[in-house]
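Going by the order they are written in, the chains are A, B, C and D; count residues from 1 in each one.
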Amino acid sequence: MRLSIEAQLDYTLSAPADLLFALEVAQMPDQILVTDRFTVSGVDVLRPVLGEESVGRRTWAAGADRISAHYSATVDVDRGPVVLAGLAADRLHDLPPEAVRYLFPSRYCEADRFETAVCREFGGLNGGDLVRAMADWIREHVDYVPGSSDANTTAADTYVSHRGVCRDFAHLLIAMARASSIPARMVGAYAWGLEPQDFHAVVEVWLEGGWHLVDATGLAPTDGIVRVGVGRDATDISFLTVFGQAQLNSQQVRVERMDA
Amino acid sequence: MRLSIEAQLDYTLSAPADLLFALEVAQMPDQILVTDRFTVSGVDVLRPVLGEESVGRRTWAAGADRISAHYSATVDVDRGPVVLAGLAADRLHDLPPEAVRYLFPSRYCEADRFETAVCREFGGLNGGDLVRAMADWIREHVDYVPGSSDANTTAADTYVSHRGVCRDFAHLLIAMARASSIPARMVGAYAWGLEPQDFHAVVEVWLEGGWHLVDATGLAPTDGIVRVGVGRDATDISFLTVFGQAQLNSQQVRVERMDA
Amino acid sequence: MRLSIEAQLDYTLSAPADLLFALEVAQMPDQILVTDRFTVSGVDVLRPVLGEESVGRRTWAAGADRISAHYSATVDVDRGPVVLAGLAADRLHDLPPEAVRYLFPSRYCEADRFETAVCREFGGLNGGDLVRAMADWIREHVDYVPGSSDANTTAADTYVSHRGVCRDFAHLLIAMARASSIPARMVGAYAWGLEPQDFHAVVEVWLEGGWHLVDATGLAPTDGIVRVGVGRDATDISFLTVFGQAQLNSQQVRVERMDA
Amino acid sequence: MRLSIEAQLDYTLSAPADLLFALEVAQMPDQILVTDRFTVSGVDVLRPVLGEESVGRRTWAAGADRISAHYSATVDVDRGPVVLAGLAADRLHDLPPEAVRYLFPSRYCEADRFETAVCREFGGLNGGDLVRAMADWIREHVDYVPGSSDANTTAADTYVSHRGVCRDFAHLLIAMARASSIPARMVGAYAWGLEPQDFHAVVEVWLEGGWHLVDATGLAPTDGIVRVGVGRDATDISFLTVFGQAQLNSQQVRVERMDA
């Protein structure tokens, strides 16, 4: 499907600061970027830098006072439905280096603490069937509650509180997958059909030699997801990282289908 | 039943230190202390102090080098089986002050984080039926694994790891009960029938105007439990608190039935 | 000095809930309550319950929808300046039971983690001189920043972040005092001279057989502090504990001197 | 200098498990690997995989029962003394992608919590002078105490406890450097002159376009450090990661100078 994407961020800085934006759609085989345009007012530097795993790119800016960023893109997403069922997990010693690092616990995904939980709940399942069951379990056991978590909330916190937003759903799925020795990484994304419209966070798991998208929230169809960047967890995919103090004034995301 | 209790602790201090022992059986209507004797070698002070809620007593000691404590008691436990089923929860505004403080989160029992979990899992249950269901749930979902927790492990940690020892089972039950507005406190105890023999930790919940014993581990029959002290959580019922550095050499507990 | 105190709380409940107010001035030798009046609209129960350590009293309420509480009091504070310098610490085995519990770590005051910090920073000091030095250190090393902490912030968090509000200052002082085996408890209070006017949190340490007030923030003179309640940490002294969900609409505190 | 390195690990697995060894010396311009040999008995798979940032390599093994690994190497270290003083910090927007990821908080290095601490303690310093001052501060304020930390200990924990081992010193320096927007990563290493001999953990900071070694413990001379691998923190540089349960039987490291 062809999607039109718009994102707008408006911030006020209390002092001159560097900012790292991750708003730009990644050029990838299953999501072809037709055209895009990124403008930021109120800054005197604008410098691109590759994303993690060379997926997508980010943009450095340096400014003071008021910063306004506007991103618009047209992208063709051509991705069949993601079918996890039946996909086998790779043997650990066959994993390439770029998957190995996604086996380990990270700041928001304490995989090492979920080993017994995963074993008790999903014993007997493997590979794609296991990941599918985990995502279903999370959707069933965690309530989607805007405002219920913050920048310190981890997968273990979410497992206890049974509440969270998309990043928490993603962190919990990642922690569970890694606890079962399945590499899992976080994906910052735009998503068609998400209500209310906002930035989205989903997951990729490594099965049968490649990465496969999973949305633990089930709030948006996988074939309307557009990746911005990937990383170990929310730390790596923040759409804006401020090296200093900033005040959010407004933020808007709009994803629309152009061909239907 | 009449029980004979023996506890022996042997420690080495690296420097002069104060110690607070909580080893002595509490004199209470359902556990009559017939006789006991507490001796500590290697100390130059030995001073009793009342326990929390005036339940039982503790003993201060001050020593250096090697400390050996020996406690022996004969106690008659006369307590019918504790039947929680059907007991009603008191309305909050009818609670006496000594129950109110056991409604709140404490160091090891983050009751405030369990509200949704408790609501989802036990919705519709109340009072004694609810506590019974919580204890059953814990026994079913947490593995008793010696060495799986340490002095930092909280109820939330146990809920995630699904592993723990008696203090962890108790903390989790306390956190869940408080999350449902049922006052719950921790009880340090000796227990007949516990295998292997050791100090034990159980729970008391406030229902229908009084405290009721529950052993979340189910490892020992309630009618063979002998209270030493009570408190908010493990912080308050440690059988030995050292104000300094100590090295455990050995520790032994023996509880035997004398009348059967 | 004679003080006039007014506190006003306005909340909206999303469902019927119990509330525990701790707003009433405690009657104590150094703060004589001349007259007070506590009214709550929108509730159908109003029941008093003693405070922790029998200091002051709290009030249970049960309501739905909108709750408005208004408290006004006239109180004579007659307390000389608190001089900590020179006060000796009691030997541990001389402490009464009501001081012993304030030696231990609690939810927000991880005393056990501060032992080396305290030893390195304040080695050689004891008793009141030590507490004085701790309060000075905190005032010098922690910035008072409204909004910099939340309901999960502990003393250790504040030690790392170097930022906090009055409850964080109090928690840190309590943790440090207990780490030095000096009993310390938290005091919820009104304070004359505090800018901006708000509820206040200060500390009491046990020295030479009694409790002594310390304000780690130094923002209000000790002789204008009026205790509401005491406890292990913020858990016990919250001016309003809601057993359910509530939305704050407004909250106001006013303390004025009547005799000057 | 020419060094001879030997490492020996002996483990017992309770069930068949995969293992990832990171023992092999990285081939790098300032540490030329002359010869090495890695053998593992008790395994049926042995497969190399590149290290993080393509620094060094790790080895997968899969086995059951008893695992014995032996690594020996001869390496020429030719590295002048590392002089941080005077080195400038790069502007953020000039950082290459492989440095950007080392600006962010990670599991053990909560950089975001140290901003005020760093600003208060080291205000006015920049670049290499700042890092030098941080390392000195850590050495002065943290006691090296074997056994004082565990696999959960973070930089913030170490800042509070003032105690740790080499990994804790490294984590704290990394957290502080990142809090000042200086990229910092962890280095797993062998170290000549370390007493007692063991695996070592040090830090690399990015200044003036390249990585520079710093040993926050000061326990071993920088010119005798031999890198094995790098990563965000201890998660990435563990010399052995077991995907299952293992019991350590023995572990030995020996680093000797061959040319002096």
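We take it that a contact is a pair of C-beta atoms (placed from the backbone, for glycine too) under 8 Å apart; a residue touches a chain by one contact, two chains touch by 3 or more.
These figures come from a predicted structure and were not determined experimentally.
Of all residue numbers used at the contact between chain A and chain B, over half are used by both chains, marking a mostly same-residue interface. Chain C maps onto chain D through a rotation of 180 degrees [Cα fit, steps of 5, range 0 to 180]. Inter-chain spacing, taken between the CA centroids of chain A and chain C, is 43 Å. Distance from the chain A centre to the chain D centre is 29 Å, each centre being the mean of its Cα atoms. Contact of a single residue of chain C with at least two other chains is seen at no position. Taken together, the chain D residues at the contact with chain A in this complex read 18, 20, 45, 47, 49-52, 54, 58, 60-62, 91-97, 100-101, 103-107, 181, 231, 235-236, 241, 243. Residues of chain D touching chain C in their complex: 110, 113-114, 116-117, 120, 141, 143, 156-157, 159-163.
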